[in-house]
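Both complexes shown next keep subunit A, but they swap its partner, so subunit B is in the first and subunit C is in the second.
Right after this comes the complex of A and B.
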């Protein structure tokens, strides 16, 4: 045991890159809401990129270490303290046995990723340590981390302090955040004017935003093309006869407030989906605070693919940079 | 003068429900651990508690309005 959770903050969970392959059974992939930041956190401490980290939402935990390890914190700007002394985010640093890692108030973003050399070594469920509380899978006995927990950490021989990621390669959303959307199968259900409004209006993150989905408010209600609802679809024009949902798909119950499904999404249901946020921008959603302003931007499949390639390229640049000798510490 | 800061982003409330009195009014005595407001985030209400004793001066954030982490919520004297 090397991690003692003195306080768990607001919502701290064990996450890796998730458990793909079971969505057709209703079990979501899960995993880090900001996969880019989790991968980079692991790179900084010399772990394979898919190793389990702590995903921290808004409020930092307080953790005592019982073994000396290398730690890195990426994602949200959550100022780091080791025994009260500041450390840099997006950088690797040593925490000695007996020292306490804590955090000051959040400055930007929403989710920070704490990677520890060797990784968190709780039992896997369906091939992943990611916490899916609704299905009681992964994490600590199927739940989030709680005050008083002791978390096992694996062994590592590959880590060093003093590595850092260039500021230009750290990824957080702009203000307003730009979320690129590929219109989907049911786009034709919207009037042309209403489709245009969706992309021209400014939205903001509603209080109902979590790992399952992010709800947005503030834009004009949708207007649907008139039709006789098919049998089984229900009377509301935002309803369909059930369909499959993909990660990032946007449903709009009652035509009012769009919900973007995220890592712990349900796999299907009876709401029409107007399209999906592209994979390259899903990480940004995980970094949005409540009330954060958002613009949806229309993109086509070619644009979505090149955005995905760009994001992969960014990760490849970081991989190369971190293979170099560590920068000298100030 | 002591300020009480929001530990996290969300929506600030100065009363338990719309019909209630505010947690504190100007001149009220405040003891360590007294709740002075609530911040709602992810469908959870977090109680904001005083960490020092003093006398309540005023709320610096507005009821039902968005707040950011580190924002000044209320001021105490003494």
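Right after this comes the complex of A and C.
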């Protein structure tokens, strides 16, 4: 059984939950930008939650199926067509052998996740099928999906059409998107006024936004506490002796445009970081289009922990609901 | 040196051993990150040592961030008592300085450079007080370097030269990063040299290129069969200048699967090094020459 990629859309890649364990060598975890949506897509088609799916950015691919399977598309609102007939997002449906899955124009969000019963079954690299093109790992020979590719799909016996996730449980960012930030790391490099400005200013997603990081523009430039730069750091006040970067960390080269490192993060470098977006809000970033308005909101560790628990609870509710019989059946 | 502890979001602890670079700070960050690894704390998923800092990633559902912080802090005293000695290896890395490929690239991005009128090497030589690019190149390869961090992208080593602080070569990064750097470029920014393991964006000044691959995701290159990344923190590197003919020869040997990097097992003792840098370096290079 394979998927024939008739057209790959704008940027479509194979992603699962990533390959933790190699960041100390500069190889990032990778995996779905919106892990919540990937997990739910897999639940809908009866896969284990960490199975590889297609991550679609902005523009849908066109795919022909050689065998009947169950499919679900979550994440961004990308209207679904099977042989030209509409299907619901965040729901499981059948695609028969010979049928073609395609999409209309994006309505909301940025990344859709296509799960197929059995999962994409390309070879793993360092324990994951996630595509990391910079290091030529995972995906299709280390690259994104391209027109003409034929992707293997695994076996499944556990899937059924007609499952759906309640709208209240579809987790997408608000407008403006609220990204909660725990100040820390090199926060002390900023003046107090500048630190306050960062949280009060309105930002929007800049055109340079990809799996490595999202850049934001529109806020006031940051100002630094005066100091003599330490040996080895470099002359700019935003420079530090090259250190580790963590997922979600916010660097601001030259104090101008903040960059939030995401799943394909570089593992280190010489720019100061002012803190990190909390783990619960990382999925939201993956759903932001260029120019989307954003507010950074200050949060403490207790708040970060409860946001994480809330996200986990939502997944648990979906898990329980999908274990029951489909509601649409008589 | 004063250690600074901070949270990086809810999943990371970041420990800055010192805000300035030194081998003392590197050794402490390495031994402390080893102590964290040896402590086998439940919930820890990644430990990343850097030049003068390190980072621990953990699952906050297994261990509370504040508890994680106090566990890491408790390991500092233990790390302070560790010997500053490493059993490591010294590796000879051939470099074709002033090669045509980095030259083509640096000319293409000239408007992003501090001094668009010359090359990166001309600029680096001038601001470090050398009369010619050749004199600067000699200073770059005369003494060995220490791999103080692996990262940025896949398997990229950061290297710190084993000389007194006043002899360290220092250059700023490009005013604005390039969108392209040839694979295996030998670059320099701040006090660090690096080897770009893959082609891509970069901000370091470009001095030359090595014919010796250091990252191979397919693990086909003879010396990368066991693992796709060549370098690890603590490796010692000696650059060996090569010309175009030697560069081509080594490239062909890599391609044929017959190239073996020249290297030797050595012990590096920080206290001995600090007491006698020239003597220690001479011994390191002797071990390499005997290999």
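Going forward, the second predicted complex is superposed on the first by the 327 of 330 C-alpha atoms of A that agree within 3 Å, B and C clash if a C-alpha of one lies under 4 Å from a C-alpha of the other, contacts with A are read in each partner's own complex, and residues count from 1 in each chain.
By our rule, contacts are C-beta pairs under 8 Å (C-beta built on N, C-alpha and C of every residue); 3 or more make two chains touch, one makes a residue touch a chain.
Keep in mind that this is a model prediction, so the values were computed, not measured.
Aligning the two structures on subunit A places subunit B and subunit C next to each other without any clash. In the superposed model, A:154 makes contact with neither subunit B nor subunit C. In the superposition on chain A, A:248 makes contact with subunit C only, not with subunit B. Contact with neither subunit B nor subunit C is seen for A:218 once the two complexes are overlaid on the shared chain. Contacts of A:240 after superposition on the shared chain: subunit C is touched, whereas subunit B is not. Shared-chain residue A:57: touches subunit B; no touch with subunit C.
Touched residues of subunit A were counted for both subunit B and subunit C, and C has more of them.
By the document's definition of touching, of the two partners only subunit B reaches A:289; subunit C does not. Judged by the touch definition given at the top, the superposed model places A:107 against subunit B, while subunit C stays out of reach. In the composite built from the two structures, the nearest CA pair linking subunit B and subunit C is 11 Å apart.
Comparing the two complexes, no residue of subunit A contacts subunit B in one case and subunit C in the other. Against subunit A, the residues of subunit B that register as touching in their complex are 5-11, 40-44, 46, 66, 68-70.
The touching residues of subunit A, when paired with subunit C in their complex, are 20-21, 23-27, 125, 134-137, 142, 182, 184-185, 187, 230-236, 239-244, 246-249, 266-270, 273, 275-279, 301, 304-305, 308, 312.
Only residues 10-11, 57-59, 105-107, 110, 207-210, 289-291 of subunit A touch subunit B when the two sit together in their complex. Taken together, the subunit C residues at the contact with subunit A in this complex read 6-12, 14, 16, 18-22, 45-55, 57, 60-61, 64-66, 149-156, 158, 165, 168, 170, 172-173, 189-192, 197-198, 200, 215, 217-218, 229.
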